[in-house]
């Protein structure tokens, strides 16, 4: 069930069955010469939307702009400052908590978001403590590639050249969902360099085409479809465990 | 051209042809017993995505959460505080300006956003002035129903019961784009009451099913398609005028 | 009754008769070669102070600095950022609400304030909702020129050359109240140009002497006195309706 | 010269003669059973407006709401939070600095403002340093009772019962300027108690009628006039010294 | 009892005996050619740690960075903005208040902190009022040199050349506590100049070696030890009075 | 070299030899029935202070309050909100960068700080990018237990019952440095339970004495000394690599 394609009475009814909602969250940022700018928010959206087709779960709108400061040297990247990102996560969460959702699950598509999402959780928990909200209100962050069986599959699919940014696995997922938007180039080098992440000018100097350690040429829609199916199964299982968790 | 389905080199190339980018912006909020929670961000997204199919324009990701405080009494509504909304608009805008976009056009789907978008423009202009950015950097807000010929068409389609929230015109647009998500109920009263907008508890007391002055039963996918086509034409014309505007 | 010329026991006594307070609000910004920099906060102050002479209403201190970013290219203009403006409106409002005022009426003298005042209302309502304040707490914004009969009179007085900034009507109001501060010049052109409002450098380039569409030479103290009397009557009527409004 | 009764060309001309501007600043807060709520912003306004009658100095609009948290237990008091107060002082100052004013002189009427005005100066100086503004940009705070000869006169006028809040000297100043707003009661005790200042509830419990250590019955319009004349002379002298100060 | 060398059960037990906690607070900033950069936070820490050796008082961690904007022209200075400083003081205070401390005593070592600490108190009191916290919650600021008998002793020790920054008294205190870190130079002039404090560039131009009015050559560890013993006694007495204070 | 026991000319001289500075950073929070509340800021301070005895490195003041929201259920814990923490890190960093430090190394003692420190780095880098600071300005975070050879040693010392909060390794480090502050109790159970970290009330319910998975009884001053020596060596090596790193 997609929240944005539902009515408020449908959400009110859902709340009698479950107190859990999923928010796909990512970033809009360069993904090398062939990866889509939306890759990091499209991947969790694709997986969560696929998972809800056969299960009674609720998927909220996608939080599509994240922490992409170090990619601002490449056109099309849009980034929030951490302070804005934290404020927005707080507002989303308090809105949903006000309706009675007690478990909010963020399915994340961008490694660079992890630190600030956890900072936001601290800020939200702190405010919830002050406001005397009951125990049992929980926030959870899960990267889609950390769902069960996803990385083993990706490692089998891409034994070399997976890398850490503009990876063939994330590109494959978007190829499966948006086959009309597949792009190709001759990569040089075939596998991009790796190294540390600093600010934007430094990043573009180290990684001239935007990739880090990856060979996106290995991606295919078929591999993407496999990843989506495995991730969707992992998501359902992880959600069930989160929903079943009881506060002490 | 959809930014999130493009690569950074494609955006870099687009910038040699145009300095204008469109951001669909709306709100995720209750739209009565049959309107979709996403109506206000889906409408500008639907229209902008339709317009770009035949024209060389660039549409960015959708800003999908807006100023919906007064709808928080209804499940599924998500709202930002104005301070968060302004900060986020600033970050989106500065990211895009950093890439060389000098004209940023917000196609809006929620009347409640207008005041705060204009406040954000002031904040961004103020910062731009201090930073010595050159004249010619412009921000524009346009509600999709204010595009040329849209309201005349809507008035012909819905001579009575159009109202101001959960209107048949906006519901028709989503019905055209998402025919599988059409919902129906028996409305009571057929045309909802009207009145002032105050805070959330007051709003739900005044407007028990969430509609204001509207009779959504008149919506149909066909009427929605007509609206989308007219609005897309109006958007292309309005964009051309905005892009052509020269600073004194 | 002017709050700043009253004592706290007098305000305490007033609260047993009424829960409504008026705040004149405006901006301190250039008003062309002859308009006073204080025009936009002086006008609502003049009108509200006049109205309280014969009626038992309470007028608070004037909020005299507003959203004037686009006038910063002209000496003497003082502007708040929207974030500061919202924070200040919140603090004024919470202070007054803490004393038991449930209806706070902002009589506004600057069109550029409208968007941000409404954004502030959203922020304040949101906070009030969270704090569980009872329904019935209401904020209202009214531009003095939107009071009943004011624009019809202004249109009769100034059938051409009224314009939208440094208008003869607002200048007439200040001439009536401050006859020693009347200034004259030869305007060139007689009626100023019109156009869009962007940031400060752009504004000064488009409107070299600061006026927009107006011919202030038509102003006179007599016309100002007529406007003040009509506006004060309209204010009393509008306040009565606002005070009588009952939450559902 | 009063800025709000001047035009922008008049301010532009003034800037060729002087780079100094005075801002009266105070607070709107209870001043005991007979003191006006506006006392703390009226006093510096009265003194500065008097001083400019015979001297070529520029007086800006009055900053009329300050740090009055501990008076919020009394109706009519309006207070800013320190963070709002600092932000507003910054915006006023940057606006004026943008026009070329390099010396901004705050004539203060409320002891409770001192700490936060100085905090604001630090914030503004810090920002000015980062922005590379030239040396010579200076901010100065002066309480009107610290102007030369004012306290000696007040001590002669009120050898006992001057106190520290709702003092006969400040009440006398407002009586001189607003003789129609003079209020009288029988004070009990004649001289109010003294003690520490904590938060609002504590304050009202310690000081039931709002006065601290004062006997306002000694105030008279004549004494107020003497104070205003002495303070205005002190202001002119202090301004001259500040304007003449040269950065090393 | 030092909080940071205690366990939580020890603090829990302390709370049954007292509701008062001391926070040493200072600044890390240049103190002339021989003064330690940590002088302003070391002095209150040294005094408070000494006092707790023989008395059952609780000393929290030291708040070691303060308001040092005007010293930023000298390497090693670290400064907070006032807004950060206020936010941090609020968080420290709310954390401690949450454990049941009702009297929080800041022993301060930097004159430049005074204004902003008091501003922070206003912000914290305001929030406490809104939250309905009971009367009796009190914050107190005391500069260590204002403790009883400290300045008389310093005046006897340093009848001339005490000055106001990098004073022999504060340097003596650190010499007593850190004898291995005593530094010496030939001062020129022997007694530094005095004057106003403005922003950082101005400060370094006026006071080339960082001192203001002082002759640090007069400091000695012995004099420092005398100051610490007198200050510690004054602290114990002042704390007792503060702890005994009852809300009205 | 300890910055707070140095003078500004000494820091100025150091800057001619190196552009790197170390900031120990931690948290003040409960560490079970026997761990010191200061454990998390004392450990990196102890290690960095030890390392500087024999090497020409510069150690700044300790940032002693961190992200401890989930420990607020235990007396003595002090926590910043993430927004305050980020603002403070920014101010420390900009102060140091203003003096010419281009590499700022945070030696961290609290796992709960990691996310928010990284968020702060993004905010600081973003601001540095906008300000046009040159490439080469780098921030680095290192947990002391991630220094080379530390965890292998800890695993040999504590093959079972190391756990993740109030661990025997961190307690041993403080025992070595503060032998007079060693505390003992009979633990029940000997090894504490493990589980997830949520907000404060939940945390205290899950972990009644504050430990997570640890048996602190195994700590000893000797083991602490071993850990400090190994960590100090690792720190010197890691600093050398960081200082030598050249921007591309």
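A, B, C, D, E and F label the chains in the order they appear, each numbered from 1.
In this text, a contact is a pair of C-beta atoms (placed from the backbone, for glycine too) under 8 Å apart; a residue touches a chain by one contact, two chains touch by 3 or more.
Quick caveat: nothing in here was measured; it's all calculated off a predicted structure.
Chemist: Quick one: which chain's Cα centre is the longest way from chain E's?
Modeler: Between chain E and the rest, the longest centre separation is with B.
Chemist: At the chain E/chain F interface, shared numbers over all numbers used: above half (same) or below half (different)?
Modeler: Mostly same residues: over half of the interface numbers shared.
Chemist: Between chain A and chain E, what's the gap in Å when you average each chain's C-alpha atoms?
Modeler: 47
Chemist: Rounded to the nearest whole Å, what is the centre-to-centre distance of chain A and chain D, using the mean of the C-alpha atoms as each centre?
Modeler: 54
Chemist: Measure off the straight-line distance from the CA centroid of chain A to the CA centroid of chain B, and report it in whole Å.
Modeler: One centre to the other, that is 25 Å.
Chemist: Among the residues of chain B, which ones contact at least 2 other chains?
Modeler: Within chain B, the residues that touch at least two other chains are 72, 79, 81, 83.
Chemist: Spell out the part of chain F that touches chain E in their complex, as residue ranges.
Modeler: Going by the criterion above, the answer is residues 3-12, 15, 28, 30-38, 41-42, 60-62, 64-65, 72, 74-81, 83-84, 87-88, 90-92, 95-96, 98-100, 178, 181, 183, 210.
Chemist: Using the touch rule from the top, collect the residues of chain C that touch chain B in their complex.
Modeler: 67, 69-70, 72, 79, 81-83, 86, 112, 114-120, 122-123, 125-126, 128-129, 135-138, 198-202, 205-206, 247-248
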